[in-house]
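Below: the structure, in structure tokens.
In order of appearance the chains are A, B and C, and numbering begins at 1 in each one.
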């Protein structure tokens, strides 16, 4: 039983088929890569999977539950969390508060409890603080917990976005170009972190990436998109040696 | 580590409460020692109302990040509901503090409910459209109350949109709301001490809301709505929460404000009042609660103070007229200048360079290293 | 018969709204900002014409030209000083609040100069009233001039935008400022030109408004300005025919509700229309849709 199963997914924008007949199967615990040239429709696939766009056709199933056409909030509740290509942090909130927003739906107390600061408020806030700190430690961000998110250096902002996504306790984590704008050292460190996250949280991860070193280094399987369609799919080493894929990337 | 941050927040809150309490005692001393003019003493209730309004509007503008131009409308709802309650209950509840407390509560509730009714459809809109719709609702509230006649007699409440006579009341009936004339015969229950208590209550609610789980959700929507949705924040629910609490507090301020007059027409609660409150929020710093308090106080007191001083020097009544007229002109310049200084990327870069140089000179080699 | 004369009044008022809304919709469509001060530029236009005729004794028609020059310059100055620095600001709140500031600045400056007492404005129109059906229906000269100028303005604007180079540049800037710049379009000039035209139209609207409702005060422009924005939204913001249709409909709705429902509630009804439109079809009658890119 695959964790994520996508069949025949498609969407068009004003006559342009951005994604067409897209199929994907990800097993639990897999580290899966979605690659393809610029404009191939990778981010559009993410937006379809997370409910930002409504698919024109097709079925998306997470853990055997149909999540097609659900709203992005419901999809997050169903167990998909994501990061964004152009980082979308809560800039005016502190690093730890960004993670606490991610924890929002797992810890509950009422508005009145919060305003009156009843004992439950103190208890739950303490739990949230501890949980958020433990997540920040994974990404080595615990020392900057009170920094404003917008004041973090770029690489750390990307990490914080992953931490925030993980805080929602997802089954599937979608990373949209996590290494964009990072130097080789940072990328290497990021690869270790992604692997660590997979092992520690038994997470299933789907990522979009252009950095082939990262893709070949950590992804177990790949799907290649070209012009909105699946060009090929399979184990990483096979896909990367496929002449069609090389052609799509390097041109004729 | 953890205790320290909690303490930091609590400490900041305590400083804010402290400012209010100290201001209260200083003013009480000034009143007792006759160093404050009667005119200024008369301003105190107004200042307290404006502080509550500014803090509550900051919840919508600064914390939720949406511009509302109809804050006076919510104030109006609270004021008229609260005033009607007080007039109807004048003979029934004779214990004034209880009656005023209930009036405040009912006025705030009414404004909060109107906030929910308006906010539910409207908060889907963003930016410019939301601003213009809140303006529209503010004007609608004012205009509708302006044509309502309400009276009470032994049979209960009577409503009309024509005149007092068509209320068809028994002889013992009294007209409570008289259309364009507004409400008349209110008990003047407001005073400075109650104002300070209400300010503290407002701060308690707003600050604690911001620093709770709900507050973080509200601010996350302000900072990035798409990201907030992606981590499962119910955007419309939290927008409505912030908006309705803001409306309820404005309603409470309305009840408090109107109870310092004998009569008042709904035309007072117009668009200009909404803008004045917005000026307080902007000048104090969008999102800064303490800033709103200070700006509301300074911008209300300063023109009056200036007027008193200039009048006592020149004894020329034209001077006071000029100050009244230039008050809004100065406000408008403040708005424009504040916005350009705080938000223009070019100006920011320029000031950044200027102050950056300044800093470098100060800290010397540290910057280079 | 009564209904028809109300309808004519509505068309008259609606044409004034349409002229104002045309200016609004151009600025909103191209500079992507809600110019709250637009209504107060109308008031400045009214005062310019008033001052020219009463104090300088110029011909009423020349006074319209003077008003247009004054308002055009004013529009360019406002854009340059207040709005341009904020064009690339991160928050749309900033521009909106600045526009409110400019609106208040104009109102209160006028208040200091001219005082709050309303001035009697002499109509610039000198055409006799048209009598139909034995005088049972009267169409005033102001009404005819207003409706005709509104139609002329709309046609000219449409031609200007679609047939001239500057007009094409405006369309390009409204689609994508960055791309327009890369194509060699002077974005600052184009937006400045938009404000200049919009403000010039505001001057005409001001004179027409004051000719129909012959009083003038510092607050004359603010309500019609806001209502004209309602009209622009109603018709579909950014659309020139939309502004025309929206303006006419709104004017008719306002006059009819004044006549048949309640004169005190007519403003509330007009704003109710805005809310209904935004709730049901936020893009208005002829507008198009925008979506944020993720």
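One rule holds in what follows: a residue touches a chain if its C-beta (ideal position, glycine included) is under 8 Å from a C-beta of that chain, and two chains touch if they have at least 3 such contacts.
For clarity, every value in this text was computed on a predicted model and none was experimentally measured.
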**Request:** With chain centres defined as mean CA positions, report which chain is farthest from chain C.
**Result:** A
**Request:** When you average C-alpha coordinates per chain, which one falls nearest the overall C-alpha average? Tell me, please.
**Result:** B
**Message:** Can you compute the centre-to-centre distance for chain A and chain B, using the mean CA position of each chain? Integer Å is fine.
**Reply:** 42
**Asked** Can you give the whole-Å distance between the Cα centres of chain A and chain C?
**Response** 48
**Message:** Nearest whole angstrom, what separates the Cα centre of chain B from the Cα centre of chain C?
**Reply:** 32
**Request:** Quick one: which residues in chain A touch 2 or more of the other chains?
**Result:** 52, 84
**Message:** Give me the residue numbers in chain C that touch at least two other chains, ranges are fine.
**Reply:** 294
**Asked** Which residues belonging to chain B are in contact with no fewer than two other chains?
**Response** 226
**Prompt:** In the complex of these two chains, what residues of chain B are touching chain C?
**Reply:** 61, 65, 67, 69, 121-122, 125, 127-129, 131-133, 135-137, 139-140, 143-144, 146-147, 161, 180, 226, 275, 278, 282, 286, 322, 325-326, 328-329, 331-336, 339-340, 342-347
**Complete:** Listed in rising order, chain C residues that touch chain B in their complex are 33-34, 82, 85-86, 88-98, 100-105, 107-109, 111-112, 226, 229-230, 233, 262, 264-265, 267-268, 271-272, 274-275, 278-279, 282, 292, 294
**Request:** Note which residues of chain B are touching chain A in the complex, please.
**Result:** 2, 5, 204-205, 208-209, 212-217, 219-220, 222-224, 226-235, 241, 287
**Message:** Taking the touch rule as given, give the residues of chain A at its contact with chain B in the complex, in rising order.
**Reply:** 50, 52, 71-73, 76-77, 81-82, 84, 88-93, 97-98, 100-102, 104-105, 107-109, 111, 114-117, 121, 124-126, 128-129, 146, 164-165, 167-168
